[in-house]
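Please go over the structures that come below.
In the two complexes that follow, subunit A is the common piece, with subunit B as its partner first and subunit C second.
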Partner chain A sequence: MTAAVVARPALDRPVRAPLGRLLVSELRWILRRPRTIIAIVLLSLVPVLIGVGTVIAGNANAGPGGNGPGSLFTILIGNGFVLPVLSLTLLLAMLLPLLGAMSAADALAGESNHGTLRGLLIAPVSRARLLGVKAFGVGTVVFIATAAVALVGLVTGVILVGTDGLITLTGNTLSFGDALARIGLSVVWVTFQVWAVAAIALAVSAFTEHPLVVMAATLAGALVFAILTVIPQLDWMQPYLLTTGWTSLTDVLRDPMPWDGLIDSTLKAACYLLIGLSVAYARLSTKDG
Partner chain B sequence: MSGKKAGLVAGAAGVLAGVVGLGVLAMPAGAGPAPVLPKVSAEELVQSVLTTKSMPALAGTVTATNNLGLPSVPGLGQASRFLGNGTTNTQVWTDGKGKGRISLPNSASEETIVYDGTTVWDWTSSNKTVHKETGGPDKAHPDKPSSGEVATDPAQAAKQVIALISKDSTVKVDGTATVAGRSAYEVVLAPKPTERTLLREVRIAVDAETKIPLQLSVLANGNAQPVGQIGFSKLEIGTQDPALFTFTPPADAKVVTGDAEKLAQKKPDAAKNLPQPKLVGTGWDTVLVEKLPAGLLGNGDKTAKTKGGQSFDPSKLLGQLGKRVSGPWGAGYQVSTAVGTALILDDGRVAVGAVPQQVLIDALASVK
Partner chain C sequence: MTTTSLVEPGVGAAVAAPALAARTRGLRKTYGSTVAVDQVDLDVPDGAVLGMLGPNGSGKTTTIRMLLGLVQPTAGEVELLGHPMPGGAQITLPHVGALVEGPGFHPFLSGRENLRRIASAEPLMATSAIASSVDEALSRVGLSDAADRRYRGYSLGMKQRLGLASVLLLPRRLVVLDEPTNGLDPAGTREIRRVIAELHAAGTTVLVSSHLLAEIEATCTHVAVLHKGSVVAQGELAELLEAGAPALIVSTPDVELSLDSLRDNGIAARSTEDGLFVELIGTSAPKVVKVLVESGAEVHEVRRRRTGLEELFAQLTEGETQ
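And now, the complex of A and B:
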């Protein structure tokens, strides 16, 4: 008996739980919430809606060349490969950031609201680690949603149109593997962009205990960014706005692929991510347990 | 307590780094210090430009910045994005042997023009149409230097060009610059003080190594920024993938062969009936004067149609574009831009030039 007790390490300093276990437990916690699952399922229904809608409408209302996302619909007809990318483009504007904000709101403000954040704060876990686990959870939810949208979009496109004729905007035809690689790239890229939005939401989340405030603040921010983008007098601001780079997602449909816009927007998202996580960390580390 | 302080400091440092990063990203690609290049006279430079007969194989992005202040005209379609104020990016590729590729990306569509040596393919993704035309490399090569045929001897030609320009302008090599990451000489053409023009100078950046023009900027009086600029924002000289210069129409695309192009060219037949325009003056203050047939701008004529097919009243459009002016010389509309002025009088006389209004009035008086 005594021997067994002596064999245990002295508990004068906290035992570190393995990081993997923390991450898995956080994920299990998030994915057990019905709202997360429902949101992901609803989002992944969007490509089905677009695909069926466009095919039923057919060429009838394909107008002359426009510049909006509408002209992507034209090339979609007879081109299943565009559907995942088009769905992501449309969802990136509002619904995916909304999912990120929801997840971020649950991560800190929600826990605070339930009184469970206190338990996490007094646990022998560094605040940086806590924030890291939370940010990972949010990012994973966003990734699952994005991947689900792309996957459903791809399957819908293949069923409706078939695997031949994966035409780029540039007018040449891609192999199926190449098309898959590009869809994979857009999933990763979109996830990172939404994760940056979610990091800002996480910062708000650290300041409040009302998840609704986080959602409202993030949506308001997204709307303000959209408004700033259309005011010509404020166009000097555009390089600073995260949302202005989001149009470059359609670049994955060009061949040869222009990387500039995608890389630039990724670096911008990294800056937003750093700002969001830093503010969240500053707030968390000064919170009393 | 100190843990909290450390957290705040770390947070503040992170925010600062993020903001600085955003600032760095938002900054336009810096011009950097001017490269040091061997001195060269304007004549030698023009000569070496003329000796360069062909473009090397390259891939690049051509950026056109337009601050001309042109009023926006409805119904111009694709052309309007080049005419309106703003920046347009075009990607170009050439293999240096005549084949070429141009791509005009839009936010959600793209027009690609490929010249594969025998055929010009013009693909528009927004309506999935390919225009196919055999022959005619000119279309695929708008940026091919065309001045090469002026004289066979480049040295002679350079002298001619310089002599022609120096009648009204001063030409000099004004230092060096970095354009699209390449060292370039800046050639400056400035009007002589006697020229009555709105323009201040024209700057051409010539690549020091390959001697191809990299950038053309037009500067007007009273404006530090170029009113118009076209040039490479990215340039990569080297062998290009031959697959870029081939085009296979996608399976379900609509392919239109050359005939449609010919039909389109027939359209401006009406314009042939117009009298030939006349040039008044020389050099920078040249004014183009034209007498349009009476009634074209008149009240009852509604035959003018935009691309969309709606008819519009030309005089109403002029009222939107310009302001009503009148004087002893007549009455009409004046359209002013950063680089030029146009006078359209009610009696059909039209004068256009890179000059202030008074010069136009003088020119109109001279051709009465």
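And now, the complex of A and C:
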């Protein structure tokens, strides 16, 4: 890049804007969008709500420990480190994918709708780069939201219950450092899962200029997956459904930690991501600007 | 009088042409069974201000979008700044500023932030120059005072100006403006004209589309008239203005007398408000003047009719619809 704008630069080779500048510009745009900020703030209030609600509801409902989110509620009382993981588990079911879908809807359909996608294509930003920048932006928003939920959950949990280490579902206690590492792992894992959903949403987003269509399609997809999961005759399908692996997030609260479920659903998410981005690129590369 | 300046599509190409900033050959675009653009052979000479004139739906925007590589043509070829499109987009488009189908900006961002975003995507923009280029572009279109207000609150004219500012972020080789005066008041229109004149003076080729004839007449050196997806005429504005059936406008109080004597001599004429209108078919101007003088009629003035572009435009488009 030259230091200053030259009057008539040579017209003989392809020139591209620095990738870093495009990424920063994309984040600037996303994080100045009021609805992104509002969504992240609301999502991070969820752990506060759960934490305060559970502690106030008190020990009355405390029952024997079992499995799944229900049992997490039980051990939450007296165990602040569980709150971030519990919050992420609950939000992963619907609200985080919704955030991913919203972000993906704005990324292509929304830009198309405002006529701003054309501006980027004329600049020009190549279509492959454009998709890369968009996928990066959506992933970053999901990561910020997930990290915010975990952080607020951690702070809330520590304030409400204290820092006496993490009592796992299997009964033993982890150190503060171990607990933090596991929460960090949850954040990364959840981000990747939601990013996969967002990649599918990006594919839909490339086909339309109505962000609402993207939201509706993603919600419908989530509902269909949920229905398929509960029909016994269709249980052969379950290994292929992204959502069925999501319960394995509670595995981070066991000791020793079983990796199978987490790795399995990470690979599954990678497939969804690849499919989503490929379809999105196939459409974007031939789309009229 | 030139023989004919209504260059038929295709004929213009035979003339040893100067360097072209943009060129299309046999361009065709269909959407399903709808033909949006057909057989468009457009030449945009380097350094010209070419006005693309046509009624709504005549294929102006589709042609522009194909020029910029936004749309893949169904058939035909496009060359922009000497490189084929859309393949050469990464080479040519950094040198091209374009405002297509109205300004596109984000309502929740300020005018300045919107421009920053576009500037960041410009390949030829140095990162250190973004802030100053944005400021300069904003002041060139008179938006400095409103720069930090949200785009949402901009008037139509301000939106159009911001679109123009995005084109002016960098010095360009070619600037494409699609209906730039839409929604502008007369002052805004004059400003667009001023900006186009400045670009022209700086050696930038400008392609501007409009359905308003006065607009083209006021700003352009060249014109291409589109109708129903085809170029029906193109060439230098001055030549096209003089084209059409030659005629004389005669200013005289003795209408009856002069009309009779002309008709006696087999010259077609009709009366107008303050004189005669004489078509120069099978006759010439000197002969008409001679007949008028010999008839003894008082003649105040005889002048050649300049075919206004408006008249030309009307002729061309009406001829097609019949």
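Quick note on the criterion: the second predicted complex is superposed on the first by the 271 of 289 C-alpha atoms of A that agree within 3 Å, B and C clash if a C-alpha of one lies under 4 Å from a C-alpha of the other, contacts with A are read in each partner's own complex, and residues count from 1 in each chain.
We take it that a residue touches a chain if its C-beta (ideal position, glycine included) is under 8 Å from a C-beta of that chain, and two chains touch if they have at least 3 such contacts.
This structure is a prediction, so every number in the text was calculated from the model and none was measured.
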Task = Mind working out whether A:R254 is in touch with subunit B, subunit C, both or neither, as first, second, both or neither?
result = first
Ask   = Touch check for A:S25: first (subunit B), second (subunit C), both, or neither?
value = second
Task = Using the superposition on chain A described above, determine whether A:T170 touches subunit B (first), subunit C (second), both, or neither.
result = first
Inquiry  = If we overlay the two complexes on their shared chain A, which of subunit B and subunit C does A:T286 touch? Say first, second, both or neither.
reply    = both
Task = Please identify the positions on subunit A that touch both subunit B and subunit C, taking each partner from its own complex.
result = 286
Inquiry  = Going by the contact rule set out above, which residues of subunit A touch subunit B in the complex?
reply    = 62, 64-72, 74-75, 78, 127, 164-165, 167, 169-173, 239-240, 247, 250-251, 254, 256, 258, 260, 264, 267-268, 270-275, 277-279, 281-286
Key: Touching residues (chain side subunit B, partner subunit A) in the complex   = 3-4, 6-8, 10-15, 17-19, 21-23, 25-26, 78, 91, 103, 105-110, 112, 121, 123-128, 130, 234, 241, 244, 247-253
Residues of subunit A touching subunit C in the complex = 1-5, 7-9, 11-18, 21-22, 24-25, 28-29, 32-34, 114-126, 286, 288-289
For the subunit C and subunit A complex, residues of the former touching the latter = 65, 68-72, 81-83, 89-96, 98, 100-109, 113, 116-118, 120-129, 133, 166, 170-171, 173
